[in-house]
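Which chain is which? They are A, B, C, D and E, in the order written, and residues in each are numbered from 1.
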């Protein structure tokens, strides 16, 4: 085949070649290029067989996966059940994935091409989790490296074998990596998925942090594909007849939380409601997000179990002012607000707009935006009265939002880890009930009730669900390879 | 020297060296495979002693860089001496702090060489002149100050109406007059004049010299007069000290010196004065180059250039001795009677 | 008589000023800039710091002469819906305050350090100048980045918006003082050996008086010249810091942060968000520089080296 | 009329902000081969400008506004720059006042000597170096071979001035213009340098224009003298005559003001006032406000420079009669 | 000479100690590096454990002492959290990009400012001089980032004749293995143009002015007048006598300005996504990679000392009156 080179500009490059060292979007993207999971999400949010060619539920606790035969790793080693179990066990040691794998009991080899995955309790989301089960080459990662360290070591800092070496079954083989500068990959000639239409032979990823520069790179033709595309440039790319813009709805909700521990005012429900009414999130979606985000009034997007159609945005400045008056704060008050400036799409701009909107109901906002490295520390310290947080459910399920964002903060159970200041025992109770409810309809009901309570309580300020925006040259057939998880499957990309 | 009790000002073995070696790191040298620390000092004035009697004009002459100005500044207390004593009216002043010095500041004043640099360009003549008076007499009324300024100004021949002008509006000679006025403001007894006429034209030079002589006559001033112009020295001095490389060579009454110079250096110096009508190049030629005051020669500092130098001069520094009536010479040759 | 001298001085100044068209032009423009900055609250069509006036729905309206322009917003609006013209006026004000403040601070530190280092000489001089060297040989932007990172955290959040201006003044001031210190020191070393200083010492004046009453006034010419250049530099430094996201908070933009914010919209067609403040800043800095050049020529042609 | 150099009615102006300033106001003199002439006067009288005007090298706002400088029959004021370059440093050499400032600090003295020769003679570098060595010997620089590779700062002031003289002699010029060659030096060194200059000029038969304000120096070295005041020559004649019998009140004043001529301690004879700035020269005789003999005619009419008595002396004064 | 270099070394060590101390004392203010290493799901307890492993919880002086000890005994400046490599390696990896950028800029500055500056001094009234001077004032008044954005807009987007970001194709220099150079490939050189030009717009005017004013000053000196009086040709007077003296102050300023230039590579590198040290520095600040930051500060201090030493030696070369061992 002809050599086809794909040049991609992303906002960041993967921090490591070890798929299990960090649970982050960037690492998962890489995992899909170099490794393969047992199953993966499709654009329609259904499951597509990958290394597992099929699966069946044996009982409440067990799921059996039948593995694809004849698959080889980049190293040439054959792929077997042993690798799946090895990878699963290794993943449990990873600090990032540990929590996610909490419900699981273990992975058991049935034969060379069959494994059973068992959970401790009945667990409705096994397949969702199987999208994280990337197979690593157990033989390749066994032994000790030149520094005398075991090759399978998961190290966040320091040189580990897996940091710089990768052997997966995926469509691309890493040929060169200079962190923060470039990542080069070549097509795996022996890729098992012969059905894949993908024709990219060389794949060069450059991290381009600056939004404007990234767009400029695409406009000037220096790269073929960029992501994310900042909303302000949507128009320009769409208008350019050599380029195209593709939007995919995503599941990340952007919110502001109101800290009731810091501010007695926020304990007054009317005040919270006033704030929610004062925030013109429709305006933000229209103007700042250029209409390329989905307006939200609850946590989970449409399609998630807890989604409730009747919960609609409620921007109404008059009412907001009235609520403030009723709450006894007609003259307003002053608060602090913090938001990151490089974490979510237009995060700082959204915060700025919000600050101004609150100004209109007399709440004077002292806003501070900062890079995420500083922001998370501040968030941990709950350093401001209102703090921005966006959340994407890594299980693609409604309950996950509440567990992290809305349940009362509890250091031991880890619930409410990203909740800065709302606590309602009713919500906690319902969310926990949903966790072990295997009747999906019933479960959905519970989760919808949760959303309703949060809505009525004005527990947080909802904005929108972020969309993923991709810019590419016309000859890149990117539409089919994109999905709401933001894992572009470049292995399947066709460049005309 | 101490015996001269009727002296107004006495210098006793005054030494002034300047350390120009900079910080510690600059002093370190790499020599013969070893790191050594070396200080570089300019030995500007070396064990100079003399006494100035009240009312006299005591001149110091010598080539450029021989330490005349340093001697002047040390005498007046701008530089503290490294060793030796300075007595004014019998009282030691070299170890006094700024506060204790104040009474002496009124008695001793200085006039400088450069008429352009010696006045603060941002102060009017009035401001320049009133500063010393006001500083030393904080209680004085401003009318009195103005009066005094006007008085001194007319005395030095500058129209008091010009008091509000700035220095750049004056010529060099006028500025020098203002400098002199500043020195006279506190009514001093003793004035050190460091080359006050060197930067001026002959015609102006005469004006300033006359002014200085007039002031001396009126106020009974004592001058220490620094210059390299020997004809000026001859004209105004009562006694003359000749310096070479920071050392005193000869100290004599002016007449004696010009009539019969004793030290070989003085002789060379005098013979080199260009005079009207003297046609032939009959001056004494010195050999060699002037050594630097950083590495002083051994023995007599002048031996390298002296045509009469012998082995003793190379090894042994000569001491200043009174050879005859008030003539003091530091020379082995003179001492031995060779010259 | 004194007034006569002043007249003379003024006339000399005026003379060279009148002859120099560029200087006249720059002076007029600078005056206009300053006037606008001072009167911003009255001349600006709206107060961009007041949330009540800002509506996100008004964002990115082009200047009035363009098709979608609105007569309400002469130069269009930014991405938050603020009137560009007003924001620029307020931004200019902020930039000027920071620029002047920072230079005042630099000047005070630099002049004091320079005076002492120059006058005292010796160890004092060596230590102070080494300090200046360290500061100097270190890219000021880096110093500023580190300092602002520290300051922002140290002072907490609630006060940041209020403290931002003084903070930036301190940051830029602290990172640029060696320029002044060096110039003053050089000039003091030149002055202190002049005989008028020795004359002052002979009078018995205390060191303080000599330094501040005699030497300082004579070193101020050089200070004046570098001051103008440093004001321009400080305004640019603030812009650079804002560009790195370390400048004024987004809700109270300076010219620099305005340009920074607008930069993202440049390629997407909303060029006015960055181009207007850009021109505004460049013209402002330009006239200061031009005046500085002129001043340098008039006061002393041999100043300003490194 | 076969003078080597003849300056006729030379006039030099400086274009200043407030109008033109006349620094040299119609001066005339002549110099013969091997003749040594002194140009004296107070600071600002226009001595240096005269020197530079001869080689047509007046710095920026200045220009020659009238008169001639005839040299070997050619008017130097009308020559092109190229033609003038041929003469400067070749037939007419110049020695500047401050030996510390005239040598380029970053070039070896060898370079600075050789380049002069190369600019004027079609010779090789080696030949040029040989000539340079010879001239260095002539000015009594010890071990000249080594010296060629040294930089100016490695020499003392006296030696530098000797090097400058050596450079002036390189091309065996016909005239040397020495502008206060010893003002920056000590008396002992000054005497040596003056000796040297005089000897060299005598032995090479070179013309010399010695610019100085020191009458003593002039009287020792030169044969002829011109006294300048406010841009004009007020008196000229053989040195002996002028010194022993000055006629112009200004020259008289200058000589009488010298302290050496009087009894020590006596009041000096001072010329009152000071030289006027060139912008406001009084009408009539420029010296009139300071002159004790001043009469009405002096305030109204400019005195011409005219011959007095038998000899070559010329004086510009209404009060001097025969 | 040896002493001079030793002295410089002592100075450099002194500076580095101070700077690393300053670095350490602010390290807690920059942010938490652990946050950047882990996903958002990781519990605080586990983060604390990682911090403990990384030695971040040790007392300040122990950390500082450990750093100094490792630096002195092993030449080890610690390990970057962000890049997961030894700091020195990370910095060396980024250094070529910056050095080439600075080098390219310096080249532009020298090649353009010398002839222009000299010309403006010799013909101050000509149209070209006036134009150059006005343009240079504009240049100083234009923030680097604005110039950079404009350049990208014009050359990369509107006309598409030059690339907009990055270094382009690089090759291994001399087979060193760690110096990836963009200066040997056409593509690499094309990529250099815009960043170098935008960076030079700031310094270029300064140098043209400096050279002009220095040259004009030199032309007024006695020795130039003397050179004319010797009958030398204009070429010789200007190029040999005047020019060499003009260079002296220019070299000193150049030394200082290189330092300032480093500050501005920061902005240029950011806009052009140039993978150099400034870019790395910003990344380290934003991602709280304190270890790398401190190492960077130390390395930069070294570079400055190095550059200044070279400049001083060069200065001594041209100016015979400066004894290198003496004080400046």
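The criterion applied here is as follows: a residue touches a chain if its C-beta (ideal position, glycine included) is under 8 Å from a C-beta of that chain, and two chains touch if they have at least 3 such contacts.
Here is each chain with its UniProt name: B, D = ABC transporter ATP-binding protein; C, E = ABC transporter permease.
Bear in mind that the values here come from a model prediction, so they are computed numbers and not experimental data.
Should one ask which of D-E and B-D has more C-beta pairs in contact, the pair is B-D.
The chain with its Cα centre farthest from the Cα centre of chain C (ABC transporter permease) is D.
Distance from the chain B centre to the chain E (ABC transporter permease) centre is 53 Å, each centre being the mean of its Cα atoms.
Between the CA-based centres of chain A and chain E (ABC transporter permease) the separation comes to 39 Å, rounded to the whole angstrom. The distance from the centre of chain A to the centre of chain B, each centre being the mean of the chain's C-alpha atoms, comes to 87 Å. Mean C-alpha positions place chain A and chain D at a centre distance of 91 Å. The set of chain B residues touching two or more other chains comprises 22-23.
Contact of a single residue of chain C (ABC transporter permease) with at least two other chains is seen at positions 153, 263, 266-267. Multi-chain contact residues of chain A, defined as those touching 2 or more other chains: 212, 216, 219, 371, 374. Chain E (ABC transporter permease) makes touch with chain A in their complex at residues 30-33, 35-46, 49-50, 53-54, 79, 81-85, 93, 149, 152-153, 156-157, 160, 163-166, 270-273, 275, 280, 283, 285-288. Across the complex, chain C (ABC transporter permease) is touched by residues 11, 15, 18-19, 22, 26, 29-30, 137-138, 140-146, 149, 153, 157, 210, 213, 217, 249, 252-253, 256-257, 259-260, 262-264, 266-267, 270, 281-282, 285, 297, 300-301, 304-305, 308 of chain E (ABC transporter permease). Within the complex formed with chain E (ABC transporter permease), the chain C (ABC transporter permease) residues making contact are 130, 134, 136-142, 145-146, 149-150, 153-154, 232, 236, 239-240, 243-244, 256, 259-260, 263, 266-267, 274, 278, 281-282, 285-286, 288-290, 293, 301-302, 305-306. Contacts from chain D toward chain B in the complex involve residues 42-43, 156, 158-159, 186-188, 190-192, 194-195, 198, 213-217, 219-220, 240, 243-244, 253-255, 257-262, 264-272, 274-275. Chain A makes touch with chain C (ABC transporter permease) in their complex at residues 211-212, 215-216, 219, 230, 232-236, 280, 283-284, 286-288, 336, 338, 341, 348-349, 352-353, 355-360, 365-371, 374, 378, 383-384.
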